[in-house]
């Protein structure tokens, strides 16, 4: 079982963090293929970053599908909490495509009746709030919080990100009526375990959640429905610098 | 990894169907412990059946938790599409407790933008519709349909249940704008694969979905949150014929 | 006109409080028959307590329906703010069955455009919040608050429950934009009148509300619909320690 | 206990129907004071009719409140299914003010998990649908249907209204998944009992429902909240032909 | 292109403020005809004021429609943030009728993903909140705030309304996660530009928004749909002091 | 006043249709600058087409903003009914950015209480349905319908698109309870007027609606809020083939 975990930003060190988180939870028979987007923003912190990052993500899905036979991934994970390009990717892919925001939120609903999301920059809260609605979580997600630390500063020791994250999680548990925390950035993956220990509640990293959901779906024999809007893109001409993205 | 799959009705042959469906998808390292409720209705086809069945379910969860050390299940599956006693069970259990309706609906959202539920008796549609709201699926579940076959008649060859189920699924795909089917009864588990083949869309059996979700959550190290309403039941006296259910 | 008011917990002194509240508002021609659950928890403060308490409630409804001719209650009241076993009871009963949470919230909507619920333990807020959704009150119920006093401590003078309740109501009126208070526990029934006087807003006790709603429905000649999911439970075998609950 | 039942249209024969329906369900100690609006449309079949009819309704509420001492009504009923002027009336009145649409829908929720509204002209369906949202009934009201008979033609034998109403109710029960019918016009009040008998489900007339709800609220000692938006209108000058409506 | 801007309260100085705001944004070819309601309250600060004010508004719409040929307005603006009589006016009018609350909220959605409303008296917040639901703005309008200044005191220098408004807007931007402000009263129109400058976010006055929306709709050739509930009122008799309002 | 109307697909003949529709409604002082995306799909008929088309759209917005002084557009219109790249474009632009789906739906709410969308291929209905939720139109948009004609076949005489569109609109008016039609594709723009004439209801073309909304917003002096998530994209490195899209 091969899962291609795609970091839709172009920062390879962040892909390493993501790959480590993925491998830490992968089942024995699961191969994690981590990929970094080849084109686009070094971090995704807004609607614009996200729209551009969808292209790099799409290229990785296309490359995955183009692989012959056994080399084709059984499932894909989009390792950015905005789930960029998710439905486009599902049109392309045969197997399941899982966004980490979606996976984390759905996982949270199994272990708590309410959760809070804690994300990086305040401006990205709206993106998470839109996903909360898209995924039907309005009544379960009690609040989206931000620590106002940039994505690439998460592992800068000077930024004190871990302490700020812990403090915001603590506030969420005290004020929001939540029983679990969803981490709002793939770059926070390595902090989930220690936060869970210190906070004594489920702290959910979307990368881990998405890998396990992908294994679960593949294990059930499920593929993306090709009946309706997720059917393969219609064959048509694409022109200009994006001509290579024309559906085949 | 041990998953206790509980059939909350008292019909052992149905437990066998459920256990087979669970084992068919379980990972190599997963042990499926199937249990039949010791007390309550032989099938669950209404609010009343469900309320009573919650007790048999609770007894099985209590027995699971009472098991010492390694014998304690890592997770539980409630194998009835009404998810009876789900939140009560979560208070009792340390590990995750997964209802099959919840698991099936959440699995469906990963592979289609809309799904239809097809259940047994028309009177149980309201139960499924209430769960659709509870799980935030109002915009993704496009319709709950029924074939008006009793639960225990599902495998009665004379009842022609498979043909009626296929026909209702076919209608759902043609009329509802759905890309996937969620089977609305644990007793339909063994039909999922053949229906999926014939309909050429994802057909999701909740038993399989719940087992895989349970594996996923345990694999992520998640347990039920004990912060808030899912904390262990408060110790107090229970009296009368249910005195033995007092929290410990 | 006979209304059976059922206390689904097993504490007889609380039944007395409930019966007094019921009789205080009953019309001249109304007979209040108060009953205490014979089996289950001494107080209901969580999902688990509630699931078990549904059985004791069901037994009381069955006993009521089994009464011949004139002895059969015209309506039932479930006197616990979680409305345990409500839909199951409706399947069993010919006449209306009213939950006190439901009755209190619906009564509130006639006298205010927004209300706050004030309940006992913080962990029970989620139960009330789920009912808010189930009853379509999301836009009218502005907040569910708790005073963190256990149900059975409500009338313990040392606990100062009345003062804490008053203070929380006062805060609700100042902060929530609410015009009325719904008391979130049957055990608060005797405080409603004095709180209303001191706060100068409608303070609604669900026991009183449910009795009056029951009288209203019976007075209109309404019975529980037996078309659809509230039809009498299907006859079937129940086994084990709950065999006596099989539908007749 | 005095309930003033106001027909907001100006057709006295319809007031008689309404008064008869009100008296048929009123408790022994309840005095029904029926009033016909003195100014406005002879029937209410649209947003415009309704906006104008609110004035006649308001005049009747003002007259009621102006009555000294014992002559002041304890509660008011607005006997038109659009509930015209409801919140304005609540600002004016000390006691509860009940709209028949609101009362009928809330009564229905106690005896069925889903209901259909059957109203007169198709163009008035939108009014009922807006009330469905305002009252939080989106998930319980399954459909608003119309028989396309004008309000004043309801009791014209030539119009065959009763037969068309019966047929539409029958369709609602077969197609909508509803267990009860809410009649969408005060002029249908006298048909409720016979329809209930023939259809064998609860058929709810709002006039009866509102009278019983009014008795219930008064019996609980509830008055309209004067904390917030339903406080008495601010004293201020009104000019022109409506100067006499200035708050006192 | 002629737009009749109707002040539904009877204070002529406020009409002047409104007319000035309307003319300040009107296109060269647009004639603004400002009208003051001839009958009703001097300010609209509650449900009751609003119900009565709907009549004065209706009279102005009728007068507009009665004008022959070129004198008939191409569109109408209802210049009170409660949008009184909106749907009634739409039945009467051939051209579009725009409420300022509706126009302001819809305009806000084009320039921000979230906005806050800041209105006058606290008691009118509920009116705005009801409109938020009616217009589908629940997820975009993040909060309705009030400065507790009466409508007619807005331009009383002693009342310091501008400073309080500025302070409340500032708080909204800091606390609500909003990117724009919607002013909740026509009387605030002249403050919009200076507030926008000082706050450095879009501050939307409904009068300006409604005039521009009216121009836009007329420019597209759109008129009010006469298919369904907005068709001209049915011809019928109106009696009493409102007989003159009978549809023609 | 300069509005840049961007066709996010790469078919120049469709841009001509769009430009003609835009110019047909533009005010005298408005300059319409029509642009065709330079890269991407020749038509947009799915999530994948849309994700890729967002890039061509973004390039056009960037080019617009890069224009010095007077040459910079005052507003932008995204002329595809999926509103691709809308929020990304708003981060980039100083002036308002209007999607045609959003503009059409909001325009419809001013002239009808319910509308139906009629779009091209069935598979694109889900895209429109997602926008319906995003724009708060769940209760106003009564149904999304499709004629199953490809975008580029709309003006193929052999395809009979106009007749199929007319027929589907007619059905929408008869069955959906809608009073207006929203055309679900920019390529239908030239048919709006004749359909409106034949159907005798408002038929709304999003291109016209967006141009008029853009004029309205600019006329009010509104620009995109730069407080919060629509602030200019953070400066950061973009790499690979999309490096040129890095925010400046």
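Chains here go by letter, A, B, C, D, E and F, matching the order in which they are written, and residues are numbered from 1 within each.
Going forward, a contact is a pair of C-beta atoms (placed from the backbone, for glycine too) under 8 Å apart; a residue touches a chain by one contact, two chains touch by 3 or more.
This one's a predicted model, so the numbers in the text were calculated from it and none came from an experiment.
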Steps in the shortest chain-to-chain touch route ending at chain F and beginning at chain A: 1
Pair in B-F, D-E or C-E that repeats A-F, with over half of contact pairs matching by residue number: D-E
Rounded Å distance between chain A and chain E, as computed from the means of their C-alpha atoms: 44
Euclidean distance of C-alpha centroids - chain C vs chain F, Å: 52
Centre distance in Å when chain C and chain D are each reduced to the mean of their C-alpha atoms: 27
Residues of chain E whose C-beta touches two or more other chains: 87, 90, 113-114, 125-126, 133, 139, 177, 228-230
Pairwise chain contacts, counting only pairs that touch as defined: A-B, A-C, A-E, A-F, B-C, B-D, B-F, C-D, C-E, D-E, D-F, E-F
Interface residues, chain D side, partner chain E - complex: 10, 37-43, 45-52, 54-56, 58, 85, 87-88, 90-92, 122-127, 130, 133-134, 150, 228-231, 233-234, 236-243, 245-247
Complex interface listing, chain E residues touching chain A: 113-114, 139, 177
Touching residues on chain F, where the partner in the complex is chain E: 25, 27-29, 87, 90, 96-98, 102, 106-107, 109-114, 135-140, 173, 177-180, 193, 196, 200-202, 204-205, 208-209, 212-213, 215-217, 219-230
For the chain E and chain C complex, residues of the former touching the latter: 125-126, 133
